[in-house]
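I have a structure I would like to understand better, so I am pasting it below and will then ask my questions one at a time.
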Amino acid sequence: MSDIVATNQTILVVGGGISGMTAALEAAEVGKQVIVIEKTPSVGGRVTKLYKYFPKLCFPTCGLEINQRRMAANKNITVLTMAEVTDLQGEAGNYTATIKVSPRYVNANCTACGACADVVEAEFDDEHNYNMNKHKGAYLPHNMAMPKRYVLEPGMIGTDDAQKAKDACKVDAIDLDMQEETIELKAGAVIWATGWRPYDAAKIQPYGYDRIDNVITSVEFERLMDPFGPTGGKLVRPSDGKEAKNVAFIQCAGSRDINHLKHCSRICCMASLKQSTYVSEKFGDDANVSIYYIDIRAIDRFDNFYQKVQDDKNVTFIKSKVANIVENKENGNPVLNGVDTEGYERYANEHDLVVLAIGMEPSVDKDTFPIEIKVNDEGFIEQDEANGGVFAAGCSSDALDVNRAVQNATASALRAIQVVNRVAQAEG
Amino acid sequence: MSDLSSKLNTGMVEKYRNNFLKEVEANVEEGDWVKMCMQCGVCSGSCPLGAHWDHPPQELFMMIRAGKRDEVLQSTSMWMCTSCYNCIVRCPRELPITHIMHGLAHYATRLGIEPKGQPTRQFAQLFWDNLAKHGRVNELWLGVNLYFMNGIVEGIKVALGMAGIGLGMLKSGRLSLKELIGGHTVKDKKGFHAMIKKAQELEAARVDGSN
Amino acid sequence: MATKEYSFYPGCSSQEGASSSNYLKSVQSMCDVLDIKLNVIPDWNCCSASIGYCGGGELPRLALSARNIALSEQHNAGQDIVATCAACWLATKETQERLDDDAGLMEETNVALAEAGLKLENKSKIRHMVEVLIEDIGFEEMGKHVTKPLDGIKIAGYVGCQTNRPFGIEGESFENPKYLDKFIETMGAEPVENYDKKVSCCGGALAFSEPEKSQALIKDIIEAAYDGGADMIVTPCPVCQMNVEVYQDKINAKYGTKFNIPVTYYSTLMSVAYGKNGKESGLNGQIIKAKQLEAIASK
Amino acid sequence: MADEMKIGAYICKGCGIGERLDAGQLEMTATRDGKAKVCQQHDFLCSEAGVKMIQDDIDNEGVNHVVIAACSRRAKTEAFNFENVTLSRANLREGVIWVRPDTDDQQETTQEMADDYIRMACAESKFMHIPASSGQQSVNKNILIAGGGVSGMTAAIEASKAGYPCTIVEKTAALGGATAQLYKKIPTKAPYTDPEDNGVAELIAAVEADSNITVCLNSTLTKTAGAPGRFEADISTESGSTETKPFGAIVQASGFTPYDANQLPEFSYGKNKDVVTQAELEALAITANGGAIKRPSDGKEVQSVLFIQCAGQRSKKEGHLEHCSGYCCNASIKQAMYFKDQNADVDTTVLYTDLRTPGAGGENFYRSGQNKGITFRKGVASEVADGANPTVKFKDLILDEDLEQEVDLVVLATGMVANAGEPTREQITISENEAKEAGNEYKVSVESILNLDYRQGKDVPHMGNGFADSHFICFPYETQRTGIYTAGPTRRPMDSQQAMDDAMGAAMKAIAATENSGLGKAAHPRVADLSFPSVRLEGCTQCKRCTVECPFGAIDEDERGFPQFNESRCRRCGTCMGACPVRVISFENYSIDTVGQQLKAVDIPDEFDEKPRMLVLACENDAYPALDMAAQNKLEYSAFVRVIPVRCLGSVSLSWITDSLNSGYDGIMLMGCPSGDDYQCHFVKGSLMAQERMSKVGDTLESLSLEKERVQTFEISITDIHKVPKIINDMADTIEQIGMSPFKF
């Protein structure tokens, strides 16, 4: 790591999701030195866990391929994976960041041949699939993982399995003695693109996410569609593997709720509209989708997509915040209780599967943020002079869909460039 | 309805003209929360007696904003509230719905336009009279009054129907005939009554400007 | 451990010859064992529960609880107010909150209280007996005093509404509070897992005014207990206890069910488990006799 | 290429290649068939030692054409990254051993596969050249900004802050655009409870204070010529004077046209003066300037106002907008606050179907509106009856009742209409069809903002609903006119704050365009590609296919009809190359030969060998990665297939198909991205064109009396990891059924 060159003209990008990648690429492609700090073993972030994008229903992997190719080809970008910023000092044009790099136990020799995974037995929760299944103790995070390099679970260290993996590697890529490192990097500007996390569904007690098997979150549902996901791409429910043809989507699961997230997470309406097409994609006319909503927020041209879904006779919209969910003990079906507020109809509807359109919680922690920064009540970083050379990008700045996050990240690249260009001028 | 309350009622109609929401905000317990409802309906779905409401809370709130004064105040709905607080803890806007329901019921009563025969309305009144008299609830009288609230004949029927329970309570020492004579009261009745009276006066002054 | 003292608000229903007098009995026995001293608030009055609203306006109702708090502050200065009745606890706590938030109401309340020669500081902590047990005593300590574990009894812990919402017990969820099951376990009995109707409403005061509607709710509560294989139901709330226990015959008559399940208080369990006899545990207060408890109590 | 070509082939034996294949044999193939002057084997080629071995040969042995026989071209790119040489990759890992079973009986065909890939890589290498910039370019840091609204001004201010001089061309006499017409704007900062000053004055001040920003008022762009790095813009003033200025890139922030409420007679607009649009209410608010807002008809102070949301929007009705304009809900809340903040007793109602206030600020603003006493009703207005006071007839969807409300003033939340750009040929047909289906007409702007003198039209092509948005979720600024970036409502409906943020992104892209075009580097998606199309004009027949089919309008025509390439407009997709019937267009590192010679290099066993040969031309962005990932998951496919990545199916020359048929291939598969409205092709219409062209192959097949099944086109998404091997194996089965091609020599 010591070989990393960083000056006060360097732009530090914290977070290697699509926003961080975009900001890094835009800056690097006009010749700026960029260092990307990514917490997980590979870049790409949440979009790597999406099956399709709304409203085009195209595949996130497609854009990821282009962005990763751009990154690989660009010598101005350095990516540190399994790395986190633990401290940040200084001001615009002169920051020092302290980075903690966790051991991957696999070095750059790795050719992703998979020999190690073939021999190990131990299995661990697969974070990429929201722990719905397990992966080997030596693993490639996913098909598109960049860097395309295996990872050893820390839990493996000291086990025979780990030794087996090491012995199986012909290119000496496995280093069981790898230690956590702490490095300091200079930077002129910092782009904070740590993205978001799904709100903890268990906290929404009336929906029984922690008690009812067949109540899952929208991000989990997304993984079910991936042929390499926990169900091998089958749309089946957790309790009994039964095909989930009758699916309910509950909007504002955690969002627009003072007891949970005050804000509207923006993406959830479109996400459910999109996911309703998954059910049709799998079951055609046997699909039966109910969307329980307060307001369908399909703004600007997204509304055209909303209108398409409205025309689908297999999709029903109910203006209602579901009151609670109980389980039908006989068949494991979740039963939704509530009132359709349009004309006051009570319902107790049974579904195969319930998907909570889970809210977007920013991954910005006000209290532990390494430097003085303006964060609003919702937890998003506000665009503010007081933030000096630290700029939010993507979902650190607001609840944004992918397109808006990328657009915002492109803007923040310019903000960072303005700072380092000033530095460059000053230094002549 | 009493002259006083009918005068009050017409007075209020006059005062607030087609702005029932304002009237509610000014005069109903926690009424200023009504405007914050976003019509999600989680309260309506959470109510244990929901099925028996003509207008669930969220609809009542919309009706208030729509100026449907009589439909709201004469409704039996809010009298269905069991005070289970499900609605309150689930409301994404933290409206104190239970209290608003109680407040509406009370305000309707104050105006004398509440649904007269509504049993909970009658029981609630009895309960208040009972405690206001002694400072403590006298369960036996409460029961007796309750049974006879719809007149002697009806009362005897109800009483007979409830006899088994009454007996059980008596046997288990959880109902005492002592209560018929005297029974539990607060000692400082004078102070207690004065306090209630003053509180009522102050509130009346606030609501209808008279006392 | 030193004696713990509290300012006690028994409430109307626990008075002698009232519907939950047996609750008070068992609470007293339980407190003896746990070295808890309850100093009754002198001349306390009714809280008007959550049903006084027809006749009583907001302020008069607030005044009721305010008077109790004021009396407590006067006579049991510095002691937390403890109620055993959910409604009493809730009404008092709500009053305190409302008056804290609204200076105007606070002032008016004090004007009214002055008529009774009282003044409200509104500083006392207002707690449910269950909170005291969990937070001040703790399950471990509670367990230590068990001399007759309630082996072999399966119990549905019915928390009900007002002990649970809107305030509830610190750290518990509104939909699935676990503490009552912990009480049951601590006393050596077996709780019903995922008891569906744990926090469902029994109709509360409407059991009187809307018997059919309420009994329909009560039926579900009892049914779910039976479904869970319960021998008995236990609750922290007098209204719940009464409603669930006393209407079983009527429900049987109406729905053709064969309900006959005893409904007791957590404190009943505790005094029995603590070796108190049936009378001390208020078992004689049962309309549907808790035979298993009696058996243990008389051992 | 001054010094003569020297191919160095390097064979990796790692990752099981050494165990599965005969490296000696491969080396022989490279030297004998591939004419590699240098050939070395290595156990671990991507290791430092391996890379050093290659670099040494480049430095000392004069190797200038490197062939790496190892893993996929998508793997280990950072290791195999050499300067001043051409690089070809023979995919022995993902392309051979990972898709073939490790059994003795398969060994022979597997080895053949590998040998062919070596031959192919060497053949490609032979015809590749090291790209050198055309020198057509030079860096011009000046940025042209069309439109002086908040988007344009923001773009100018921010670009200037980064050191790029800007020129704003504004049609009207003043800066500020639509936002300047707002009394206040939707809050942009916590706690998001009250309307904010519109901020235009500060922006104008900043623009005027910036010596790097030139402002041309009362001016339009009468002609825009050239390309990124060397745009020439004619800036004409009303007075008629015209000045031509050079620019490096363009930001188009030409705003929007407010919807014409006269198309809403049902709401008595135009008939009743007290029915106004949101824009008109802003004017009333500005006049009132904090005082009571008076209504137009009789100047009465408004006591009651009702806002009708989605007026003429979110509807397929004739003359209505199909889209939602996104900002109107917040705008109505803001405007209702104009009344409430001045006098809380004014009765304000917002009639909506879905209240759309997304994001962190939105919900706070909505709550604040409720808190201020604005009444929100979910309902649909059917009519506004004319009269002394307008009466709104609507259905309240919550109360499920038809109701009427008489108010002093009705405000119609009408939306934004796109006002710029022009539809491409495809889009005209698409939108016409859509229009037919939807029973309405699409408003296609006639007014041109940029007046490009491009072969393919005067403006940036439309996307849906007439907006010049990007088609791509991941790349919001990707337009079909390189170096021209749209911002603000030109791109899609949005409020002024979003527009300003958007403009900043557009400025970033414009800066990138100036820098990269200056260096002759391609723009997205083949970023930094230095090659560019060159044409042998002597062979050109002036058929114009290249100029018509270029998705980016990169090619003009001279008066004789010869193509004129504009390097920096070009995205290097090769569509022109694929379009050219006489094969005169090529890139230094991608040409008719680099692919054509590869497919010819494949060893075709004779008919009786029962070893068919199938060719796959795979889109490098989707199909090829899908094949890679299939291999990564050890999904097997036929040993008889040979895969060649192409930049885009649009670049596929028919000659490749005929050549391979002639040289005896038994089947040909073209794999491109899904086409259609939601096409995924980053070069817009590669698959579409391939399909068109292949439809013509039918005749060729007939003339050779070959079955049409032998040539098939597939739409493959990058996620079709299980599908691609199946397609290949199905083709193998088909060939088994219809038999081998007779054209084997």
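A, B, C and D label the chains in the order they appear, each numbered from 1.
In this text, contacts are C-beta pairs under 8 Å (C-beta built on N, C-alpha and C of every residue); 3 or more make two chains touch, one makes a residue touch a chain.
Values in this document were obtained by computation on a predicted structure and should not be read as measured data.
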When the mean CA coordinate of each chain is compared with the mean CA coordinate of the whole protein, which chain is closest? A
Determine which of the two chain pairs, A-C or A-D, is joined by the larger number of C-beta pairs in contact. A-D
Mean-CA-position distance for chain D and chain C (Å): 66
Using the average of all C-alpha atoms in each chain as its centre, how far is it in Å between chain A and chain C? 46
Could you put a whole-Å number on the gap between the CA centroids of chain A and chain D? 24
How many angstrom lie between the centres of chain A and chain B, each centre taken as the mean Cα position? 51
Shared-interface residues of chain B (touching two or more other chains) are 38-39, 58-59, 86, 89, 93
Find every residue in chain C that makes contact with two or more other chains and list them. 174
Each of the following residues of chain D touches two or more other chains, namely 355, 378, 398
Can you list every touching chain pair? A-B, A-C, A-D, B-C, B-D
Residue numbers on chain A that touch chain D, as the complex places them: 18, 26, 29-31, 47, 53, 56-67, 69-70, 72-74, 109, 111-114, 143-144, 148, 170-171, 227-228, 256, 262-266, 295-304, 307, 319, 341-344, 376-378, 380, 382, 384, 398-400, 402-404, 406-408, 410-411, 413-415, 417-418, 421, 425
So in the complex, which bits of chain C are touching chain B? 12-13, 15-22, 43-46, 48-60, 62-64, 67, 108-109, 111-118, 161-162, 165-166, 174, 200-201, 203-206, 208-210, 213-214, 217, 242, 246-247, 249-250, 284-287
Quick one: which bits of chain C touch chain A in the complex? Just the residue numbers, please. 173-176, 194, 196
As the complex stands, chain D meets chain A at residues 14-16, 44, 46-47, 71, 74-78, 93, 158-159, 161-163, 189-191, 314, 316, 322-326, 354-364, 378, 397-398, 400, 464-465, 467, 469-477, 492-494, 501-502, 504-505, 507-509, 511-512, 515-516, 524-525, 527-528, 621-622, 625, 629, 632-633, 673-674, 678, 680, 682, 717-719, 721-722
Which residues of chain D touch chain B once you look at their complex with the stated criterion? 347, 355, 366-367, 370-371, 373, 375-378, 396, 398-399, 403
